[in-house]
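Going by the order they are written in, the chains are A, B, C and D; count residues from 1 in each one.
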Amino acid sequence: MEPVATPFFFYFLSGLTLLSGVLVITRKNPVHSALALILGLLAQAGLYLMLYAPFVAGVQIILYAGGIMVLFLFVIMLVNIERSQKEEQFNKQWLVGILSAGALGGLFVLVYTKGSGLFPAVMSLPVENNNTQQVGELLYGQYMFAFEIASLLLLVAIIGAVVMAKKRI
Amino acid sequence: MVPITTLHYLVTAAALFVLGVIGVLTRRNVVIVLMSIELILNAVNLNLVAFSRLWGLHGQVFAIFVITDAAAEAAVGLGILIAFFRNKETINVDEVDLLKW
Amino acid sequence: MLDYITSYLGMNTTPGQAGNVFWAVVYILVVFGGVSVAVIAMNWLERKALAHFQIRLGPMRVGPHGLLQPIADAVKLLTKEDIIPHEADRFVFWIAPLIILCASFTVYIVIPFGPTHAITDLNIGILFMLGVSSLSVLGVVMAGWASNSHYPLIGSLRSSAQMISYEIAMGMAVVTAILMTSLNKSGTGTLSMIGIVQAQQQQQIWFLFKFFPLGFISFAIFAIAMVAETNRAPFDLPEAESELTAGFHTEYSGLRWSLFMLGEYTAMIAVSSIAVTLWLGGWLRPFPNTLTGETWDLVFSLIPGFTFLGLAVIAFIGVKRMPKHPYFKIQTAGLAGFGAVLGLIGILLFIPPVRDRIQDIFWFVAKVAVFMYLYIWYRATFPRYRFDQLMKVGWKVLLPIAIGVLIVTAILGVVL
Amino acid sequence: MTDPTTYLSHLELGEPDKTFLDTNELIINMGPQHPATHGVLRVILKLDGEKVLGTECVIGYLHRGVEKIAENRTYTMFNPYVDRMDYVAAVSNGLGYCEAVEKLLNVEAPPRAKYIRVILTELNRLASHQLWLGTHALDIGAMTPLFYTFRDREEILKIFEKYCGARLTTHAFRIGGCQYETYEGFEQDVKKFLDFVPPRIDEYEELLTTNRIWVERTRNVGKISAADCKALGVTGPVLRASGVKWDIRKALPYAAYPEFQFEIPTGANGDTYDRYMVRMQEMRQSLRIIRQAVEGIPEGPIMAKVPKVMKPPVGEVYHSIEAPKGELGYFVVSDGSTQPYRVRVRPPSFVNLQALDVMVRGQLVADVIAVIGTLDIVLGEVDR
């Protein structure tokens, strides 16, 4: 499938991603933040599709937007947000935080301007048709051990979350 | 129009990363801090997938691992948040100033 | 431009794959229009069928046999006052039904109505479907939260917990079916919706009957989970009207409420389509391997036309049985007209080129229609589960069985 | 606007059980406008998540002062009013009142009247149970039985209509007997009905009794022990489902009941399922009684000798009957004038409703609905 209007979709989706990022960190109401984050995640799934990574895009939607965000919304509903909205939204060291983040951004700019030659201008076109199969082969072949560790991590996370959230076990 | 290269994606990811860092460093609400961490992880993912266009699918595999990690992190983080809220009736990070209560 | 439009006609792929934007847009419009009509028809059918289960007549007044009732309802809902509770979060309240609607409509992008009759054929089709349909949970959660009221909040908590729990069992059942696609010579399966149906064609068996009873069990798990997923009876406790008045959409009215309903029915059709694609051979006609040959092909290709002619005959019988009273003149004429249209469609479907193109779609829709009828049947028969029982069924019954079936299928796939 | 919490002040509500994802305690108002509270009952629920910590019934939305009205009417004039209490079982109400006043007057209805009374009352019990079954099933989510029961209840109402001209608030009996002789073909109609109904009852049972979801929704839900029942004064099927064999038709026989063979169905666990089974069996027993009555109906007068102007001797009387919902008692005090000095009704629904709190504590919200349904309350009778 030949991509259609790549620049337009790229700017559209990455603009959406960044806009939602800005909204996430500026909204007072966490629910609105979460909504913005969902939008951003979906836009990012679109970017993955443009990068010929359909499987990652699918996982992004199903896990991130479908799973993790529901968890977030659940928690937001359970804790009292009425009060936290009236409070001060930013902490005392916000200036330091922004400065250091700005420094980080400066570093990025430096790296990408100096090192732009490192990245080939023309992107290779990996075959899209069996992307899932290839990812699967890598996951269950070369990265088998990491994969198993990841599943162990998830198990630990499940137990940890239950222990944390449950008062009496 | 300039053709879209890897660098474009990297710049987007970098900007997203910086946004996430700002969120983590300046917000008080734990939920939003956690969401900012998700932003950071997503920026990393975008980078990984963009690189996988150049150097094979390993980047995508790593992106999947990162997503798994994010799920685990969110679950535990939100679990801690609930335990915290139950004890302190607040969800502000700068009020988490005790190691034990 | 004209070349661009006509160039697709000779191609043997979906417009999305061919990269033909014009035809993709046409397909999108056709599919969405078709789904909307199907929702309207389903609405009417549900009332009628439910009424007949319950020894009632159902809608009879608006149009012959209440055929225009859904339209009357739509007009009523559209003209109703749009109420947003004062204490509600306006933005979230406003966007929640849209999320549900978008999520359930977006799914149709990958549903294959025929080998070429899909908007596009994504490489990750089934993953995409599951992912996008799981997004509707967000709408439910947000609707309940934004209403700022107790009943919707409980309803939405229930419903999101339910949808997430059943998604897991559902996913496991789907994985079983996907695993079955890989049992060919090359050993590679597919996630593409069209690919899944083609795999069934290749293996000469619907996955429902594959490794009997494994395919059947995974199908049954999916069939149960999909009812829970769409919040229908007997799993309709999020909107259990006798307990929580109307669950997460208690505070909604008019247009927004109708969007929820539209989303629900659309999602019902969507998940039924998944079931049909994965287990019932999608667009393939019944008995493709026993009743083979030119003659049988011809016979089966005539069925769509005969079906419509049959419907037309039923309509004309209805005309005959209409009371001969001047008051019913318009209604009788309307019913006769409806029958004539059905008959005309039936005759149209006998024309060879139309016949060949349409029969895939016909079989697909017919199979989905069976599921739609099952939904109604469940609703008429079963009481409602309680929340803890529902969770128990999801986690302690369906999920272990689904995982067991998955493992056994994997082993069988390696052994055989 | 009152704060709903004030109602709960006297309930000893323990600390919420903090288990998973600690939610705040929720106080929700169920009713008076709620589809499952069978009228205008208002239940304030204190919830911990889905678990019920306590309930408080707020009644009186349908209060019409029936007992007070009685003090300003003559004995005969008050008779139609009692039909408006339990409007689902109006005939039973009338029977109780008429018999109470007859006791006060020291007259007895003639045998034929007694038989007619039994037939109509048992038909009414059947109608009441059918209505209960339909609405109870609807509350639990099964829509279809409602329409089936209403279809069959219609046949009973047709018999009532033919007999006395009214379907719901029948005013079928008079003090001292019956006003109307049975119409032509009454017995045939009843017999036809007796043949018509048993397969229909089987049909309801087919839909529900062995339905897994139904059993799971009702087994061990709203359990109440026999001791609790007795302490709270709960009567009727609710009591019998707890294993107490108490039926006023047998214990303190009235009308023509001593002459009929029938059994008192009882349950063992006192849960919702048992109450359902008890009522289903009661329907069958009612049919048995009606069959015996209609076959053995004697000839004779239908009205005892009662004075035109009733002036019962000074005194008081308590007479109770087994209404479909439990013990329906009338306490009538006479001061020798034409109007009762005081009429006090012991409505079964009102007394049974007290058991709600005992039955639902610690259960889930969905069970509250099931329990309200299984108590078979009629708000007209609760509030009077």
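Following the convention adopted for this analysis, a contact is a pair of C-beta atoms (placed from the backbone, for glycine too) under 8 Å apart; a residue touches a chain by one contact, two chains touch by 3 or more.
Values in this document were obtained by computation on a predicted structure and should not be read as measured data.
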item: Chain pair, most C-beta pairs within the contact cut-off; value: A-B
item: Distance-maximising chain from subunit A - centres being C-alpha averages; value: D
item: Inter-chain centre distance, subunit B versus subunit C - centres from mean C-alpha coordinates, in Å; value: 36
item: Subunit A and subunit B, separation of their C-alpha mean positions in angstrom; value: 6
item: Cα-centroid distance, subunit C relative to subunit D, in whole angstrom; value: 45
item: CA centroid of subunit B to CA centroid of subunit D, Å; value: 63
item: Residues of subunit D engaged with two or more neighbouring chains; value: 18, 21-22
item: For subunit A, residues that touch 2 or more chains besides their own; value: 55, 59, 67, 74, 76, 78, 80, 131, 165, 167
item: Contacting residues of subunit B [partner subunit A, same complex]; value: 1-12, 14-29, 31-32, 34-36, 38-39, 42, 45-46, 49-50, 52-54, 56-58, 60-61, 63-65, 67-76, 78-83, 85-86, 89-94
item: Residues of subunit A that touch subunit B when the two form their complex; value: 6-7, 10, 14, 17-18, 21-22, 24-25, 27, 30, 33-34, 37, 40-41, 44, 47-48, 51-53, 55-56, 59-60, 63-64, 67-68, 71-72, 75-76, 78-80, 84, 87-94, 96-98, 100-102, 104-105, 108, 112, 116, 119-124, 126, 131, 134-135, 138-139, 143, 146-147, 150, 153-154, 156-158, 160-165, 167
item: Partner subunit D, residues of subunit C touching it in the complex; value: 50, 53-56, 150-151, 154, 158, 233-234, 236-237, 240-245, 379-389
item: Subunit C partner contacts - residues on subunit D that touch it in the complex; value: 26, 28, 34-36, 50, 137-144, 146-148, 151, 207-208, 211, 213-214, 216-217, 364-369
item: Complex contacts: residues of subunit A adjacent to subunit C; value: 1-2, 4, 29, 31-32, 35, 38, 54-55, 57-59, 61-62, 65-67, 69-70, 73-74, 76-77, 128-133
